[in-house]
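Next come two complexes built around chain A: one with chain B, the other with chain C.
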Partner chain A sequence: MTDGQGRLRLLSRRRPRSHPQKPSGKRPSGKLARREARWFYLFITPWIIGFAAFAAWPILASFGLAFSDYDLSGWPNFIGFDNFDKMTDPVQGPVLAKAIRNTLFIALLVIPMQLVFGLALALLLSQRVRGMPVFRTAFYLPTVVSGVASIVVWIWILGSDGLLNQGLELLGIDGPVWLRDPATVKLGVVIVMIWGGTGGMMLIFLAGLQSLPAELLDASAVDGAGAVRRFWHVKLPLLTPQLFFNLVIGIAGGLGVFTETYVISTDPGSGSPANESLTLVMYIYRQLLQNLQAGYASAVAWVFTAAVAALTAIQFWTSRRWVHYEYEN
Partner chain B sequence: MRPTFDKAVPWRLRFLVAIVATLALVATACGNDDDSDSGDSAPPAPAATGTAADSGDGLSDEEVEIRVAYFNGAGQTEIDFREQQAAEFSAMHPNVTVNMVPVSDWQITILPQIASGDAPDVLWGGTDDGYGQMVGRNAFRSVQPYIDSEGYDLSQWPGGMLAHFSDPDDNLLVLPSSNLSFNFLYYNKNLFDEAGLDYPSDSWSVDDLIDAARALSIPDEQWGFGFAWDDLYQTWMRMYGCEFSDDPTFATDYTYNGPHCAEALEGLDELSREGVINWELGAQWGGLAPGDAVGESAFSAGHVAMLLSGTWEAPTIADNSGGAFEFDAVSAPLADGGTIQGAASGFGVYEGSDNPEWAWEYVKFIAGPEGQEAEANEGIGQSPIARILDQVYCASDAPPINKCAVAKVGAANTIWEPLGDAWVPGFWDVISPAVQGGFTAGSPPDWQAVLDEAVETSRQAAPLS
Partner chain C sequence: MSAVRLDRITKVYPNGFEAVSDLSLDLADGEFLVLVGPSGCGKSTVLRMIAGLEVISDGDIYVGDRCVSDVAPKDRDVAMVFQNYALYPQMTVAANIGFPLRLRKMRKAERRAKVEEAAKMLELTEQLDKKPSKLSGGQRQRVAMGRAIVRQPALFLMDEPLSNLDAKLRVQMRADIARLQTELGVTTFYVTHDQVEAMTMGDRVAVIKDGHLQQVASPESLYDEPANVFVAAFIGSPSMNLYEGRVSESGDQLVVQLGDQRLALSAEVLHTRPALRGHIDQPVVVGIRPEDMEDAAIAPGHPEDQRIEVEVEVREALGSETLIHFKLAAPYVDSGDPDALDELGDEDESRCTARFSPDSRTRPGDRIQVNVTTEKMHFFDRSTHAAIRD
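Moving on to the complex of A and B:
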């Protein structure tokens, strides 16, 4: 029970549960069905129009533009794979590579830390303590606060004599100028992102924790499992769907970092200092709206999209091995 | 098994058809309705006079609406002023409705509108805010035909400025209305007095400025010199005589690794690493004042003895310093062959305007001498016309006392950003990270090597010729 297989054994010992109510498979027929269908299409039409005009069409158009020299003037000319070759040429290659490195650096730090802090906060906030709604609201608040507004506050906190460095000074540490030093600017962005993104993950974990079957937790307690064992062998396995969801969303969000790096630059969107805060999405933004290279920007955007899609697909594929759904046999 | 409500399929089909039709309509409505050839069309001749529905001056009496996009650099003050101008124009021409469109993020707002063929009839153009890219996209209809046919007098404008706002065939694209030179060296008189130093003067050399900056610096407390924004290192390079391109207007090659360019950066780097300069690129070396205030706010707080900026900074300094110290300005010193960097702007007629004649009327109204005079009285922009400088700007007793002389030195020596699409990706995207990397590197770089490599990258990234 308490060996390394404890988690599996506990799961295997759980009482059989009836599956959630499944649809009977019967659907309305005849006149009622037609009326329902009519209303369905009526209500969904505005959304379909909006999606087609403002999402699907631009997405398709950008794919076409990726193979063109379109620079926001005249008509696009087909240039084959030139835009894709440009990503590795001696001029754009190093800058794009730097943007990718910066993005990966930020994402690889931010995502695990958001997951860990989100889960830890959720565990704390799932306790039965007086005034818990206040705590929950407080920790979730950063997620709903305007990104730009909160980043401006963080610029002050991370200033050379800002709040963080004043705190470090009390510990005898001479803090860096977080957002202006090439060596630390990305760490500054990481701090801001962890603060802003952890609340959302916490909420998902909290919802998962609150829906854990009490009988499993009770059974493990009766079996003598302590809090730590119950977490590792009962709660965490049952929270893997939430963990998986947060991971997928976190990776997409972490790789798509833009607002934070855009706002922290003295010259917004410049990637200063020395392109150390230049991220992939900011690079695309720069190519599109500053350099007006819509074709090239589309090509980079599609490569980026393909990479994120591939990562997501890998996550889904591997999830079969580590994500446990309660209703699964 | 198929659903039992198959009979609903015709409804779905009908809705599908409706959706497709609606989409087609939306696409048609959103399409480019600009029939004009956006690129190579010759400037149209001005409207003929005496048509059925004109007022006798070649302008239609029909109800027209013109849109005017302008860069809003002065907040609500400018919005109110521009709206007032529009109302005055409509009062003179009751058939014309003028819609003013203030824009903050100029390039990312206007360039896509130009691309879609739906830009406002009258467009602001600023040399530091995408004017070159706008010209590269044929955004402006030449106003030369109007000037020629009307005999519009341009003699009051500086010739060099008109040339910068013209195409290679000397057809004027934009009527310049403002010239801001970055040569105002503001200084805190109290800090100079405390240090026992003479105030800066017009006879100062760059070395005098550097010596004074060092003498006025107190580590982590007071900084001898500061830039209003970090990119003014380019102004510093120009002060030394560095030329960024082979031609200041129609550049065909990058030359910012030429004579005096590396020398300028070496000197600046030294000051930065000594913690003498209050700027963010020197943050590692003690270059940020308490509260990370930089630029005007650091100067206004009394932390910085000298600040390089432009005329527009004076009212803000006066307000923010609250009279805590006295300040004045001199023109920043220039080495032999040195020039002054600046930003000029004006208004032109959008190539795709449906009402180009009325748009030109409005351009004359706001960017002509009377419009510039009104702007000067409001404290917006700085007229390039000497008479208006003398009568309004110089006659004002607002600080700094020496502003008139400084502005005139600037007007005579200012260099603007070259035209063309390539300048942003070729120059800005390359020099910024290269120079920022140099200033923030652990040890001083070989600046000549940095610039040589950057210029080579510029040539590959965005050839000018």
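Moving on to the complex of A and C:
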């Protein structure tokens, strides 16, 4: 009892009854908050250092290099906007334009098809059928297989005596050497990219489909919607957040195509045949590591980054009109 | 001809669980039937089977004279209101209400007129251009109602439509739905676990437990003449007090022994329940509704041999009435309601509730005399739990 009374007296001395401590509604301050902050910074420091050294600094440095003649040796010299002018000069201009055209051709085919196939697969794989986990794993497998390994398999499939041409031969069609023919190499790249990238999109759509509110689907069934109208009027609008995510990621990935074209080229990184597989990122790579024009490569990279960023910003801006997050359970 | 007929419908899930067993019900044209039962009793499954959202394992469902057991939901001519409103988030209120008409390819002008008519009826005209996320819970529920009524279906199905609303709004919406149903005259099948909704809204109430229909009757009959112990305990709040007792003859009258308490039964008890004579000197389940007990101190004219003496444990003064909690030394009887409290009693004693007049001044700890209106007592067979009546 004395202990209790003593403790009470101690408390009353610290917090006089006439001045009760009011909850401030703010985060706790004082020693506890400072101690928590110290631990927070201690734990996050390795990541801050890593980010600064391997991401922030190279990004900043490349911005500076874009205005220099740096050639991976010596010190860079400031040359103003020369590197940006070079993008349109008679020597580099046509090649860069070719790389942009190739990249856009590939991206414009790959992104919609990945989205459509990803969604179609997700719709099929969301059915309640026995053994469905096996199918889901099978369709996702290409996404987790090493990119280079799967491309090598595709080089064989699309080769002169590859699986595809053997199949076409059965139909009496003499197929081209897909990845060596300037007319078909980009289509080959598109096929490889769709095969490798659809699984990831499918997974996102599948997660979205599985979290669709069952009562909305039930309501639409009672309201009079068959499977097709239920898809257009209910499922698709509710899947727009997943569609938007896949679109943003798909555009960034599609415009940044590199691995596929690099491995497919006869001379890796050359963009062969006839620069038909030369993409923007491969062009930057070629300028940096083959022509040793680090300044110019940085300038192209920054223009490319700005374009992708602008495209992403436009997507976010338009998303307010077509992406629906409103469903509240 | 019935508007809706459920003919011995059964639902067995692939894992062997029988959610609904051999259930038959007839709904008259324009009738408001409420299916009520504790959680997990299969009531929503029945509704979903009628809507076509669940395949029925056995039996048949008729809407009008048409068997719809194998008909797709969209072709059954039924409209459904869901617990979570199920509004399409990307559509405006007008588009939500008009969606079933759009699916039926109704012309835009005609559709608009019907939507506006429904909105006016539901006081939603001002909200027509808003998205559901901008509406309150009550407004959302009204939009869901609008989507159902705009189609003018043969049958409304309502799956606990008020359970997401707060208590005050629920009372208002309860009245609104009842009014709307009367105005439209559409046959309505309403599912709820809330017995107040069931009793206040339904022309008839069907009580279901573990997939088995227990009783279908008007709210008054259900309350006054429950078919079994489960219905007796489930309908009414606070619940009917249930004890194990023994009816015996004492001279020329019947008495019921409840633990150490003895109650003389009025002559009317045997008159209205002649079958009780077959249970004399056998254990029976005795039910007393809380309102059939009164503080003897404020109602002194009651026969003294129709009183029990108890010690007040808790007093709840609610203004219009006073609830008194006490224990009775008689074995407790489990009604089988999974939602009921577990600790209502044991083999030696039962927790009881009496609803006294607010004039009662009893206090916890008081030992008081309680009048029991014995002619309103209920008796049930101890083994079958069925009511002992005729």
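Before moving on, here are some points about what is shown:
FYI, the second predicted complex is superposed on the first by the 289 of 329 C-alpha atoms of A that agree within 3 Å, B and C clash if a C-alpha of one lies under 4 Å from a C-alpha of the other, contacts with A are read in each partner's own complex, and residues count from 1 in each chain.
Everything below uses one rule, namely that a residue touches a chain if its C-beta (ideal position, glycine included) is under 8 Å from a C-beta of that chain, and two chains touch if they have at least 3 such contacts.
These figures come from a predicted structure and were not determined experimentally.
Look at chain A after the overlay: chain B and chain C fit there side by side. Judged by the number of chain A residues each one touches, B leads among chain B and chain C. Shared-chain residue A:L216: touches chain C; no touch with chain B. Contacts of A:A149 after superposition on the shared chain: neither chain B nor chain C is touched.
Touch criterion met: A:S73 reaches chain B, while chain C stays clear of it. Judged by the touch definition given at the top, the superposed model places A:A227 against neither chain B nor chain C.
In the superposition on chain A, contact of A:H324 is made with chain C only, not with chain B. Of the two partner chains, chain B is the only one touched by A:A53; chain C is not.
Fitting both structures onto chain A leaves chain B and chain C with a minimum C-alpha separation of 27 Å.
Every residue of chain B that touches chain A in the complex is listed here, in rising order: 3-5, 7-8, 11-12, 15, 18-19, 22-23, 26-27, 30, 38-39, 107-108, 111-112, 114-115, 133, 136-138, 229-231, 280-281, 283-284, 288, 290-292, 294, 421, 424-425, 429, 432-433, 436-437, 440, 457, 460-461. Note for the complex: chain A touches chain B at residues 27-30, 33-34, 36-38, 41-42, 45, 48-49, 52-53, 57, 71-74, 89-92, 95, 156, 159-162, 176-177, 180-182, 266-267, 270-275, 278, 286, 289-293. Across the complex, chain A is touched by residues 48, 51-53, 72-74, 76, 78-80, 82-84, 86, 88-90, 99-100, 103-104, 131-133, 147, 151, 157 of chain C. In the complex of the two chains, the chain A residues touching chain C come out as 213, 215-216, 218-226, 229, 233-234, 237-238, 240, 324, 326-329.
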